[in-house]
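The two complexes that follow have chain A in common; it is paired with chain B in the first and with chain C in the second.
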Partner chain A sequence: MSFRERLQSWRYNLVPDHVVGEILTKRWTDNAIPFLALVATLATFGSIIPGFFKLTALQESTRQLGEFSMVVTGMTVVMLGGGIDLSVGSIFALSCFSAVYVFFILEQSVWLALAASLATGLIFGAINGYLVGYLRLRAFLTTLVTFIFGRALFDILVTTYAADVQLSTATSDVLDFIGDSTFWGLSVSVWLAIILAIITHIALTRSRPGWHVLAVGGSRRSAHNAGIRVRRTVFMTYVFSGFCASIGGFLIACRLSGAGPGTGLNLEIMALTAAVVGGVSLGGGRGSVIKGLMGAIIVLTMTNGLIRLGYGTGTNQMVLGIMLAVAVTIDIRWLKNRHKVLNEVYVAPVYLKMGETQSAAPGSGTPYELDNRLSAANHIGLGELEGPEDVILDRADNLYCGTRHGEIVRFFAPDYVRSEVFAHIGGFPLGLAFDKSGNLISCVGAMGLYSVSPDREVKRLSAETSRSWTSIVDDARLRDPNDCDIAPDGRIYFTDSTKRYDAHDWALDSIENRATGRLLVYDPKDGSTKTLLDGYRYTNGVCMAHDGKSLFFAESWACRVHRYWLEGPKAGTAECVIRDMPGYPDNINRASDGNYWMAWLGMRTPSFDLSLRHPDMRKRMTRRLPQDEWLFPNINTGGVVKFNEKGGIVEAMGDLTGGAHPMVTSMREHKGYLFVGGILNNRIGRYKISGADPNWTSPASYWGAKP
Partner chain B sequence: MILDPVLDLFRGKAVTIPPLDGAFRPNTRLDDAPAFAELTEPDNLLVSGDRLLASSGNVIHSVAAGATPTVVETFPSPVTALAMSPSGELAVGLESGKLLVAGKEVSLPAEILCITALAYAEDGTLWLANGSAEHAPSQWAADLMKKGASGSLWKRDAAGGDFRKVASDIAFPYGLHPLGRDVLVSESWRHQLVRFDGATGSRSTVLAHLPGYPSRLSPSADGGAWLTLFAPRNRLIEFVLQETHYRQDMLSQVPPAYWIAPALASSRSFLEPLQCGGIRTMGIHKPWSPSRSYGLVVRLDQKLQPQFSLHSRANGTRHGICSVAERDGRLFVASRGGDCILSVATGGF
Partner chain C sequence: MNTIGWPNFRSLNQEGIVFAIAVVLFVAAAIGLPGFIDPNNLVAIVRSVSVLGILALGMAVVIIGRGIDLSAVAIMAMSVAWYLQLLNSGTPDGLAFAYVLAGVLAIGLLNGFLVAYADVPAIFVTLATGSFVFGYVRSQLITQDAVPVPQGHWVELLGGLRFLDIPIEVFVFAGLAFLFFLFLRYTKWGRYIYFAGDNPAAARNIGIPVRPMLVLRYVLSALVALIAGLLTAASLHSINTRVVNSTLLYDIVLVAVIGGIGLSGGRGGVRNVLVGAALIGILLNAMTIIDIPLLTQNLIKAAILLGAIIVDGIINPRDEQTAQQGDI
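Then we have the complex of A and B:
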């Protein structure tokens, strides 16, 4: 092995590249960018401005933050519902004035002032909501109009009553408490903001109205089709935004004991920037209250920091504008390209040097030598079937197979012309086995282990095992259950081929070649599922040995067959019995002569074997080429191989023309015939085996001559 | 997008090839055409009077409709090029690097070892394409995968004398089409047709970005030309050409028949590389799937622009077309991958 190759093997087998892709599949990675921005902002201003984190300075900032984050929370909800609210600043100002007017000029109680504030906010929110939600006007223009109107009204009122407010002598302890005091170290406005944020968060993530808002924002039409009252939902988001702004207005009225021309000025731009910078999507449906709050902190830190550094309003506005532009760009590009990034980084190939193999080429004279015998097989269900991965026969000679439509199809003996859908499960039914009482057990790709009773009742047996400690993506879920077999005591041994790819992407796993296949056991007595073995390269076929004391299982991408001992001195351990085959093994089943049939789903090619030693090349291939152009193992030629109890190869047959059975994923011997299935084929083959026991059947071999 | 060059550093630059569109729009004309004659790997076609000559291995056959091909002449090594002079002399290039004109060996400069094409101009000048300075014609795949560009263009005046080098550093010249004093050369590894000035040897690109590897050219009745493309461009192959370490290991450790390289025929052995799109699904091999071999003949008009083309797609068998010949309103197409010669009426296009 050259030095370069050794470096490659270390680089790609020891560095866990796949973790990056798995982390990116998580929804919370959306929060990563705003969070980093938050940390960066705090760190920058904290280090530039001395005493930035001092308690007194923080106290003032947090009061402001409390009011501001309320407005942002309202804005977030509107944006999640697919709208935008530019009038928050004027609602905030008017609510502030309402409170001031009621308290200072009318000299009423604080609580009445609060009520006036809230009423102002709710009325303006309702106007917005009615125009946008029910009359379906454009949110941007409508709220712009409300904003201009509200601001003008506020300016008139402030100039008219400014002197009266100044002269008022009204005081209240409650007002001072709300405006100036702290409670457990935090000011009232911060407490209120936190409470509001928590309630809103819970409502959005865990309540029906909250889900409706997200659904409407995500797709208005789909939400409508799903029966959600879209107009009312939109209306309510604006009302909520008005409500939030009005509380903010009331709080600032308490804090400043008055209202001035600067109250709520440019607040809408700041709130919008905060929400977008935090990662709330402008398109609606994506975002959270937490993101809004992060954005609020970033924006407020930035503006206050700039002011304290001595920059004027102009600079501040400029910075806000730039932040908004950058955030909008990132938001749109990220949303659009996230799945592309994920696609490009998800496949993380590892290094593997395959062992030298014997040739399977015709004329090579090895036991693996393939011939053309399978092309002589008769067709069953040609053109009707799609994807019979596994085939099985019952005691009455009827033939069953799964299809890629999630059905189990039954062909009736003796001629297998007539067929019916025996059961619909969904997913992709793969491996099949009959248990002692005649239930059909199936490994269903992307779903789990299922049982179909003779009277067609479908029951889920298992869909998860225990999660491993180091997993990032939940590996308790069965991703690609592939084949199963049943021990004499009724326990079902089955394989889950990969933790990295879903069932329909099974072939991609060969490019990556990461060892994540498992052997599991389901115990029907207590319904538990246990992982027996982990870390194989695509575990596939399972077959109980004739004596029931051990089982064989195939490790496809490593071209090996292992034996797992159920009892005896080696119980619970696995040993490799066939290694370095020239083909990729799939299902394994019993043969009538005491040997075992093994399907080959494809053949090793020198170019692909070489690429396994060049993981960097495969990685670049997955990034630079579309999937249709990727180098694959040659899965256009398969075969059927018979091996004995000790792992010795008895014979091999194939269809080298590729016309009838290019890829073979399963075979089942029954009364002298071999039934052949293929996951990408459109037929089942029926091949007469010369010299086979014409009375031997699989159910009798497993469960005795008669039930 | 403006950021693409920066992003490419992280995500890898996409490997792209020209689409089969316009004049190259796919059809199944080559697969629909009846076989005119069965012959193992027919390479060069040549019209000689009323006979059609075809080279196959060491032998030149005479092919006629409805009759088995008859042997005209057998040579000690495979025939790699044929041409007929205006006076009726047959020029034959051999794998061993020898050139025979009218049965007599012509002495060649030592540099010429890979005769891939021969053509006579109307005035009797003999043009000779030397595909590579390092490989014999049958080792063309190695030349491509080693990124060879050591081919050269030679000519001998009608009056006789020695061959004179007109141009060098050509990436596998594989076809010749004299145009008055100049010559049109198919530069295979660069997927382009280049016109060389007969006097100065200066080059000008006539047709670039071809969707395949161009091979021999032959005249058409109306003054244009027929261009054959013996293999398609394939994004995986172009990717492997950029992968130095993998490619070198492949050249040294994998038998040439199983390389990730263009081929004259494919899907004959399970040891050949397979691409995802080429997987047989539900009994179907998709005709648009990526393939190492393809059948493609292109008609060029008098301005040497492509007009239309004849195809055998990924699921077809008439692949690896290296030579065509037109006579009396019929186009004869030699398919090396399909082991047959086709006859197509030119009037139907």
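Then we have the complex of A and C:
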């Protein structure tokens, strides 16, 4: 290995580049930026201002925070629904005035004051909601105007009644309690804010109305087409916002025992900034109550901190303006470019030096030497089939295969002309196997392990395994279940080819070449799924050895076949039995003569082998070139290889014309014939094997002669 | 189908309605209110809407291009306040003006850049920059809310200029309106604004430099705001930065929207601004003569603006097919 290659292998195999992409796929990365901003803000002001974290100081700011975060919660819900509510400041002020008016001037009870507050907020919110939701006016301008309207009304009311409020002698213990006291160390307003936040969070994430809000915000037209009452949902978000703002207004009325011209001033831009800084997306659909709360804390800490540091008039607006501009820009750019960034960094190729291989060229004289025999195969279902990855025959000689459309198709013996859809599963049925009682077990790409009973009942056996501790992507989910086989005790051994890509992105997995393939076992007794082996480069075909004490499985991108021991002294371990083949192995199945058939989905090429030693080049390739110009494994030539128990190659055959079976992903021997399938082929081939046992069938080989 | 009986309301556009209302109001006020029809009062009406109208011209160009500029008032007040502060603290006039001009251009460019190239909705950009401009100038560059014009400065002289007994700002408004009219109607770039406002994607596809022109519009709006600010300072001999927190901004939007410039872009022109300004001018003047308190005037203006937006929403309904997700 040259020094350059050693450096490359260190750089690309030891530095976990793939982690970046995996982290970016996580939804919680959206929370990371606001959270860091929160920590930075608290740390900065905490260290600059002496006594910032003192209890008394905190008490006062948290009281304010309680009121403010309620308003932000309302704003968050409106924004999640795709709108915006600039009138929260006015609603806040008017509700505050309503409470003050009822309590101090009409001298009614606190509860009546609360009712007046809530009624004010709900009515105001309903007006907004009607205008924006039902009349479909522009949310921003409409609420801006209702904001001015409400503000003008409030100014008139406050100047008219200010003196009366001053002279009022009404007092109440309840009012003082709500306004001033604490409960387990936290003020009433904070408790209320926490309760409101929790309820809202649960409603948004766990209830139908909440999902409707998110759906409408995510895509209004789709929500409408899905039958959601979009207008009513939008209406309700504004009513809710009005409700939240009115509670805030009531609380400040209790705290200050009055309403002044400054009540709720600039609250709308603060609430808006808080929501956006917290990471609630403009335009709806993305965000959460928690994000809104983080934003609220950031904004309030900033503005209060600046006041306490003694900066003059206008500083607040300056800082709010900067925060709003920066946050909105980051939000928009992040939303727009996140998937681009993800595409750029997700593919993280590793270095691999493939071993020297023997030639498979005709006339080379090696055991791998391919010939043209498969081109003589008869066609079954030509033009009717799309993607028979695996083929299998039952005891009645009927032929089954999966198709790209998520179906399992049955061809009837003896001529295999007539066919029917045996079962519809969805996904992409790949590996097939019959169990002892005649159920058809299938690895369904992108879905999991499924069982189809003889009377066509489809049942899911497994869709997940246990999650590993260190993996960032959710590796509990089966992403690409590929082939399965069944041990004599009924346990189903199957492979999951990759953790990082979906089944149809297998080419990307080959380019990345990261070893994330697994061998798993499903136990029908208790329905559990366990991971047996991990860290192979695209685990593929599985085949139980004739004696049932071990199994073979293929590792496609490494061109190797391994043997995994179920019993005996080496139970639970795997050993490599064939290495450095010239082709990429796919499914493995039993042969009548005690050997094994193995399909080659494609052939190694010197160019791709070379590119595996240049991960940097492959990375650039996936970033800069369109997909159809990528270099990836050659799948235009495949073949069928027979190997023995020891891993020795017995024979190989292929279709060198490429006319009928260029790529072979599976083959099944049955009564002297070999049935050949290919995942990108449009037919199944039926090839007469010379000298094969004309009575041997796979079900009999597995489960004995007919019971 | 035109049948006898009902006039065809569909053919009435908003501009027509507003113009009719303005005429009716004018006639009613002329008959009902003493002193309304007096020439001095009429000049006062025109004068009172001049600055508003100038700002509305800038806003109109931005709105026609499917944008909005909520930072206009902040730029207007704060740029002039800074200019006067610089003059008062002894900076040479030319240098001070160069500073201010550069600042105004920078804010216009920033608005335009964020809207055009960062794809941030105009409403948020200008809300944020407006807040920033006010906050920055107020806290860092000037010392008090109101900044007076220095004695004998040309801005003060400007305020005293009269032509045919009509204050100079009326002529500035008329001149600017004429220039904007020529620009929007007869120049290639003016027409492009309509195309870009009507359908930005299509405009871009036929090769119009949509994004640079977007930047240009915000710069234009900022410069118009500077002119309006200078005229305000000229007539009042000082500039009060508290105007930023007043309802002036909404009056500007009111003038543009009520005149019939659709907020969805691509529609309207200078005539709509004039009609809108006329209505607002008459209304404000009449309310002042009747002696309605300022706070109540705000309430009435807000109600009218709300009505205007509702009518705008009904006459120019939002196109659900071309409206983008997140277009709020």
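The rule is short, and it goes like this: the second predicted complex is superposed on the first by the 702 of 707 C-alpha atoms of A that agree within 3 Å, B and C clash if a C-alpha of one lies under 4 Å from a C-alpha of the other, contacts with A are read in each partner's own complex, and residues count from 1 in each chain.
Going forward, contacts are C-beta pairs under 8 Å (C-beta built on N, C-alpha and C of every residue); 3 or more make two chains touch, one makes a residue touch a chain.
Owing to the predicted nature of the structure, the values given are computational and were not obtained by experimental measurement.
When both complexes are superposed on chain A, chain B and chain C sit side by side without a clash.
Contacts of A:His614 after superposition: chain B is touched, whereas chain C is not reached.
In the superposed pair of complexes, A:Ile148 makes contact with chain C only, with no contact to chain B.
In the superposed pair of complexes, A:Leu656 makes contact with chain B only, with no contact to chain C.
When both complexes are overlaid on chain A, the residue A:Pro16 reaches neither chain B nor chain C.
Residue contacts after overlaying the shared chain place A:Gly83 against chain C, while chain B stays out of touching range.
The superposition places the C-alpha centres of chain B and chain C at an angle of 80 degrees about the C-alpha centre of chain A, rounded in steps of 10.
In the superposition on chain A, A:Pro488 makes contact with neither chain B nor chain C. With both structures placed on the common chain, the touch criterion links A:Pro694 to neither chain B nor chain C.
Superposition on chain A leaves chain B and chain C with their closest Cα atoms 7 Å from each other.
Overlaid on A, the two complexes show chain B and chain C touching no common residue of chain A.
Across the interface of their complex, chain A is touched by residues 68, 114, 118-121, 123-125, 127-140, 145, 247, 250, 253, 263, 293, 295-296, 298-299, 301-303, 305-306, 309-310, 313-314, 317-318, 320, 325-328 of chain C. Listed in rising order, the residues of chain A touching chain C in the complex are 82-84, 131, 135-142, 144-146, 148-149, 151-153, 155-156, 159, 219-221, 269, 272, 276, 281-284, 311-322, 324-325, 328-329, 332-333, 336. Here chain B touches chain A in the complex through residues 11-15, 234-236, 239, 243, 245-246, 249-250, 253-255, 258-260, 267, 269-283, 289-290, going by the rule given at the top. Contacts from chain A toward chain B in the complex involve residues 4, 341, 344, 360-361, 370, 386-387, 507, 603, 605-608, 610-611, 613-614, 617, 620-621, 623-637, 656, 658, 662-663, 680-683.
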